[in-house]
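Order as written gives the chain letters A, B, C and D; numbering starts at 1 within each chain.
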Amino acid sequence: MITADELRDRVREFLSHHDPGELDRLEFLRARFDAGLAWVHYPPGFGGLDAARALQPVVDEEFAAADAPDNDPRSNGIGLGMAAPTILQHGSDEQRHRFLRPLWTGEEVWCQLFSEPGAGSDLAALSTRAVRDGDDWVVDGQKVWTSLAHTARWALLVARTDPGVPKHRGLTYFVCDMTAPGVEVRPLRQITGEAEFNEVFFSGVRIPDSQRLGEVGQGWQVAMSTLMNERVAIGGGNTAREDGMIGVVADTWRQRPELRTPGMHDRLLRLWVEAEATRLTGERLRQQLAAGAPGPEGSAVKLAFARLNQSISGFETELLADEGLEYDDWTMRRPEVTDMTARGPGYRYLRAKGNSIEGGTSEVLRNVIAERVLGLPAEPRVDKDVAWKELPR
Amino acid sequence: MITADELRDRVREFLSHHDPGELDRLEFLRARFDAGLAWVHYPPGFGGLDAARALQPVVDEEFAAADAPDNDPRSNGIGLGMAAPTILQHGSDEQRHRFLRPLWTGEEVWCQLFSEPGAGSDLAALSTRAVRDGDDWVVDGQKVWTSLAHTARWALLVARTDPGVPKHRGLTYFVCDMTAPGVEVRPLRQITGEAEFNEVFFSGVRIPDSQRLGEVGQGWQVAMSTLMNERVAIGGGNTAREDGMIGVVADTWRQRPELRTPGMHDRLLRLWVEAEATRLTGERLRQQLAAGAPGPEGSAVKLAFARLNQSISGFETELLADEGLEYDDWTMRRPEVTDMTARGPGYRYLRAKGNSIEGGTSEVLRNVIAERVLGLPAEPRVDKDVAWKELPR
Amino acid sequence: MSTPDLLYGEAEEDLRKNVRRLLQERCDPSAVLARCESDEPYDLALWATLAGELGVAGLVVPEELGGAGASARELAVLAEELGRGVAPVPFLGSAVLATTALLECPSSEAREAVAALAGGSRIGTVAVPMTTAPGSVFPTSVSARGGALTGTVRTVVDLEVADLVVVPATDEDGPALYLLDLSSSGVRRTPVTPLDLTRRIGTLGLDGASGRRIASSDSAEEVLQHTLTTAAGILASEQTGLAQLCLDSTVEYVLTRYQFGRQIGSFQAVKHRLADLWAGVSTARATARGAADALATSGGDVDIPVALAQAYCCDTVVLAAEEHLQLHGGIGMTWEHPAHLYLGRAKSTQLALGTAERHRATIAARGGLPAA
Amino acid sequence: MSTPDLLYGEAEEDLRKNVRRLLQERCDPSAVLARCESDEPYDLALWATLAGELGVAGLVVPEELGGAGASARELAVLAEELGRGVAPVPFLGSAVLATTALLECPSSEAREAVAALAGGSRIGTVAVPMTTAPGSVFPTSVSARGGALTGTVRTVVDLEVADLVVVPATDEDGPALYLLDLSSSGVRRTPVTPLDLTRRIGTLGLDGASGRRIASSDSAEEVLQHTLTTAAGILASEQTGLAQLCLDSTVEYVLTRYQFGRQIGSFQAVKHRLADLWAGVSTARATARGAADALATSGGDVDIPVALAQAYCCDTVVLAAEEHLQLHGGIGMTWEHPAHLYLGRAKSTQLALGTAERHRATIAARGGLPAA
């Protein structure tokens, strides 16, 4: 396999022919993709060189050092983190060729259409229907908690194609064109006053069968591989001490001695310890990943992250007392990105409540750890062998 | 119904004919029983006067004021708290006449034989067998965690009389003579080094059918009424502020300023608040009982009591630091009564661990609260309709 | 230390029933939610009904002043029900803070004012930051010279709908309480965007506004302490009522929501959390009743029961609102669901009248458990 | 702040394998339990094997002194495994405390002594109370005059099996460290009945016992601080090992115990508690590795990583031992089950070398988060 030094050489070679100061941003990114220097662990022809995943930073650092434009990964997190690996694993070559390049360059933003009002933790119970009609599928139903639906060109969609079999077996996975007729996106206002997410309604939306990923009835398996990639992504960041919410309150503590009390000092230090310990756990996970042995600690980090953000923001409102009674702004807005440390303490307090719900509730996560990591038995199931349409709801 | 004043008159009338200074203690107690002044809410002839349960303190206070001997209730807690109400409710008149008087006077101590090594939380799974043989039942098996088995004359015993039906239906309830041949009592040493409890082994023990309480196969129902009486008894004490373990650490805190730190102060106060709040909850329960409307708060008090004793004793060892590394005595002993505030901090720390297991684990208690108080549904059961002998174990 | 009566009397249960019925008709969560971003975040019509038909605005005001002559025990039951309804009415400012302060002041202005509050024709509050704990030093943010008040007070509760305010100020004789008509000149009210959408706070700016002194020196200090202690004790019942609502509506929800083919309320993790929450709410109730009984009983120890109730209830109500939200899952995170109203109210009561740590410090001082 | 290496190297995994295999053969929980009330609570034969065959008594001792020349990273792995086995061997006193102290002292006596410890022919400890935290002021309980040591030190770990002890004392030149042969006259050892049956403590009484000075003034202080910091950091790995054992054996138990016709490990309440415990142990491991790496890397920040690891691990190991007991139910409460050995060890390590609060105070001081 290609080495770090060889990769570095390739980047320099590429840069010698593609001057980032000269070239149009998009053209530069497309060329980088075509040179296999996008995501180096992807196969040749799809933006990569079959290199080790751990070598990606080598490439990114070289491009950054050359002041090259990047693909603005924050604006297309679902595309890069979930859609791309799913398309790579389950898509046809035709689909890979169609979708991967504009996805990586950021020309086409992606969103994910899994959750429904009646199918949250129990994702497999979803009821959005897709009915075959000639070469197309016709989709009706409703999805919820969709980030980026209003900017996305494409969506990962799971829909029920057979209600007569048990719920996990009647699902099929599609790529859905968000500009297709019958797709309606409505902002979903949250308890913070903002609308980060959307509801997406389908009425008679036609999806060509060529946009199906995986076999008919295999939607659950494909969706699981999408979510697996989501979990790998969580907690993998290489963060510094006092990054995130703990840094906000630590700074407040340092700058405002009049707020300090002995009890709050003890609580602050406990939170600091928990935050730093969780950061190291995430760092250990990152090192395991880099060493080619991903551990299951991602779940521990997500659990701790939710608990910490909630505890720290609750602590912050108490520390601030009178200011904790205030809120910065209830106006309904559509934020571009979610930044837990932006805005005021009231926003942080409310927004953090979602951390133990979104991307798998803490309860579901504990089930996953207990069963997949510790090998504990599943509970007796009442919904496994029953046709979806017969389930109580 | 009889009033408090009438009751007071009755006691005075009784005392005018029975001078506690003159009479033999046991004779005095027997006479008190026969006068219906033992447990006044019991029926006439069985130590009571069908009075309101709330009036018992009136009688007890009058006797105490006259310096009359009491029946030493601490030495026969299971008899008074569990056996008596069970016999009253489920026994024949003959059984009531045989057992209640010597039970109340303390002449005959009782113990309870429910738990088994394989049947703790899942009491109904017990496997001690009773097989009918003429007018007798022949009992073989093993019980565990039995207080007072070594001093008891009689035992409340639940045994399996039909292994071929689902577990709740194959049980029968007996009064067992602890002096009968084939009953063997062995001390059970605990993590404290002591043996408060016993294991009881049965080999071919014969119990006459006349000592059966309730119908054959109705043992579960009878046992439930016994345990219900246990739960009513818990948390009903009228205690003073700083009674119990919190008082021990509060005194240490007051007397040893050199141990104090800001973090420990905060923890002490949190524990103090929790202890005092729990005491008030128990007091409220007592007032509800006295007002004839028993509430379900007993379970909350037992849950809190376990958590508190564990937290306080853990706190105490940390507060004492070097002394927390020591233990007073590991010698195997057989204590008469369990006093959580006696002995050293190490003992308290270890003994308190049992509080969330004995008398129903905290987990089982939470199930009970969820289902009986909050009306939440039971989990799917795999053991309800299966013959006991077919159950996995 | 006598044993407090921790139960509810018959009259108290009747009061509860009447108030709850009214709130069910007039103040369901969706109505509260619809109101909270409107121009009229307070439901003054509801307050008028509570004051008029039910006569509860002056629950603890003597009958000769047009009140109901009841005790803190009944006031606490009213607080429970209003907490349960997250009712957007000026209860805390007017019926608790201002009324308690005015009742302790002997002046005829104070008596007139309290009668107006009891009748519901006027609304009052006390000019202290909402976070002020019993036992705090007398505030010095307002000074009075010849009856002219100058200074600024932050986070005054119910300020925007109040007609009159009791202002703690320091004047020539030391601490004093002034009664001030909020329509006077020299008064500036600045509303603050509140975390709690169901109860508002504002900044009171005074620039030589003319008030009448209703208490001075030691007496002013005592009245203010008594007012803060009473409000903290009553707030514990409001918190208990809200915590009970959160518990009840969560139980209701988990019985109707199916996932994995089962009611989510049949999952043990959910059951155990709700069992713990029930135990917490039951315990909160015992402490809140203890505080109410101590406030209603003259001569006994009040500081510890009130501090205990606040130290327990103010964290329990937040836990209840947080569990309510978490167990509602995604739906609880949406604006249309009232979960955030409960959470905002719970959080603001946690900070109001002293945090738990502050109340534990009172216990430490009164209970002989000194700091390191 | 460079990024610590938080993984285990190959050599470390080999070490782990060898130690674990030996302990499985020689030191299963029932053997430890049988020993703990006997006349020989320490397993000195096992220690001899660890020292001799495995050569791990002198893991961090340079090869020229007969050691293995390894770093604190390997020492931490050894601690993990010994913690996992609640092994009754004088590891903490001899291989950590005494060895670390002696290695920092330049005298030939110290070099000789450390070689003897590494070879296992002698056992050592340091005469400080077991609860002494890094950052504590230099102890003054022993004074030295002309090499004669007088004073009393409580809760000295592994004292009853030690042959030599490093004694912090104050002499004519201020703080000093003395090396003392415990068979000298003027030495009195009083065993204490310990909560932790697998590691003993005792009181060291010195009445003019004659020691040799091996460090003095600033150097003595530095050596003692370094020793305490190292021991605290290594203890975090011992705690991680024990916590992992508690988790593993609980998981094993809940798979074999049936109640209500199901493995109790299939109940959600049990599953979630174990999931949380797993997350806690995983996090403990990350902090313990961080501390070990910091101790092994010269020049970096050591105080915060060690304080962090102790602040986290010392409560996590107690939680693990408590959960282990609770989820074993009644059987865990019996003397014959080793649950109490784990609990006693966990609790004593929580108190050893500073409680969590003490370590948080270090973080406050080093991390710029001052007290009120």
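Following the convention adopted for this analysis, a contact is a pair of C-beta atoms (placed from the backbone, for glycine too) under 8 Å apart; a residue touches a chain by one contact, two chains touch by 3 or more.
What you see is a predicted model, and the numbers here were worked out from it, not measured in a lab.
S.K.: From chain C, which chain is the farthest off, judged by mean CA positions?
M.R.: Chain centre farthest from chain C's centre: D.
S.K.: Does B-D or C-D have the larger number of C-beta pairs in contact?
M.R.: If we tally the C-beta pairs in contact for B-D and C-D, the bigger total goes to B-D.
S.K.: Please report how many Å separate the Cα centroid of chain B from that of chain C, as a whole number.
M.R.: 42
S.K.: How big is the gap, in whole Å, between where the Cα atoms of chain A centre and where those of chain B centre?
M.R.: 54
S.K.: Quick check: how many Å separate the C-alpha centres of chain C and chain D?
M.R.: 53
S.K.: Any chance you could list the residues of chain B touching two or more other chains?
M.R.: 261-266, 363, 366, 379-380, 382 - these are the residues of chain B that touch more than one other chain.
S.K.: Please set out, as single numbers or ranges, the residues of chain C touching at least two other chains.
M.R.: Residue numbers touching two or more other chains: 262, 267-270, 272, 357, 360, 371.
S.K.: Give every residue of chain C touching chain D within the complex, in rising order.
M.R.: Answer in residue numbers: 267-269, 272.
S.K.: Across the complex, what residues on chain C touch chain A?
M.R.: Per the stated touch rule, the residues are 37, 129-131, 154-155, 192-197, 201, 258-262, 267, 269-270, 318, 322, 325-326, 329-336, 339-340, 343, 347-348, 350-352, 355, 357, 360, 371.
S.K.: Quick one: in the complex, what on chain A touches chain B?
M.R.: That would be residues 262-263, 265-266, 379-380, 382 of chain A.
S.K.: Write out the stretch or stretches of chain B touching chain C in their complex.
M.R.: Touching chain C from chain B are residues 238, 240-241, 250, 253-254, 257, 260-262, 264-266, 268-270, 272-274, 276-278, 280-281, 283-284, 287-288, 291, 295, 297, 299-300, 303-304, 363, 365-367, 369-371, 373-380.
S.K.: Quick check on the complex: what are the chain B residues that touch chain D?
M.R.: Going by the criterion above, the answer is residues 115, 117, 119-122, 125, 144-145, 188-191, 193, 261-264, 310, 314, 317-318, 321-322, 324-330, 346, 349-350, 353-354, 356-358, 361-363, 366, 381-383, 386, 391-393.
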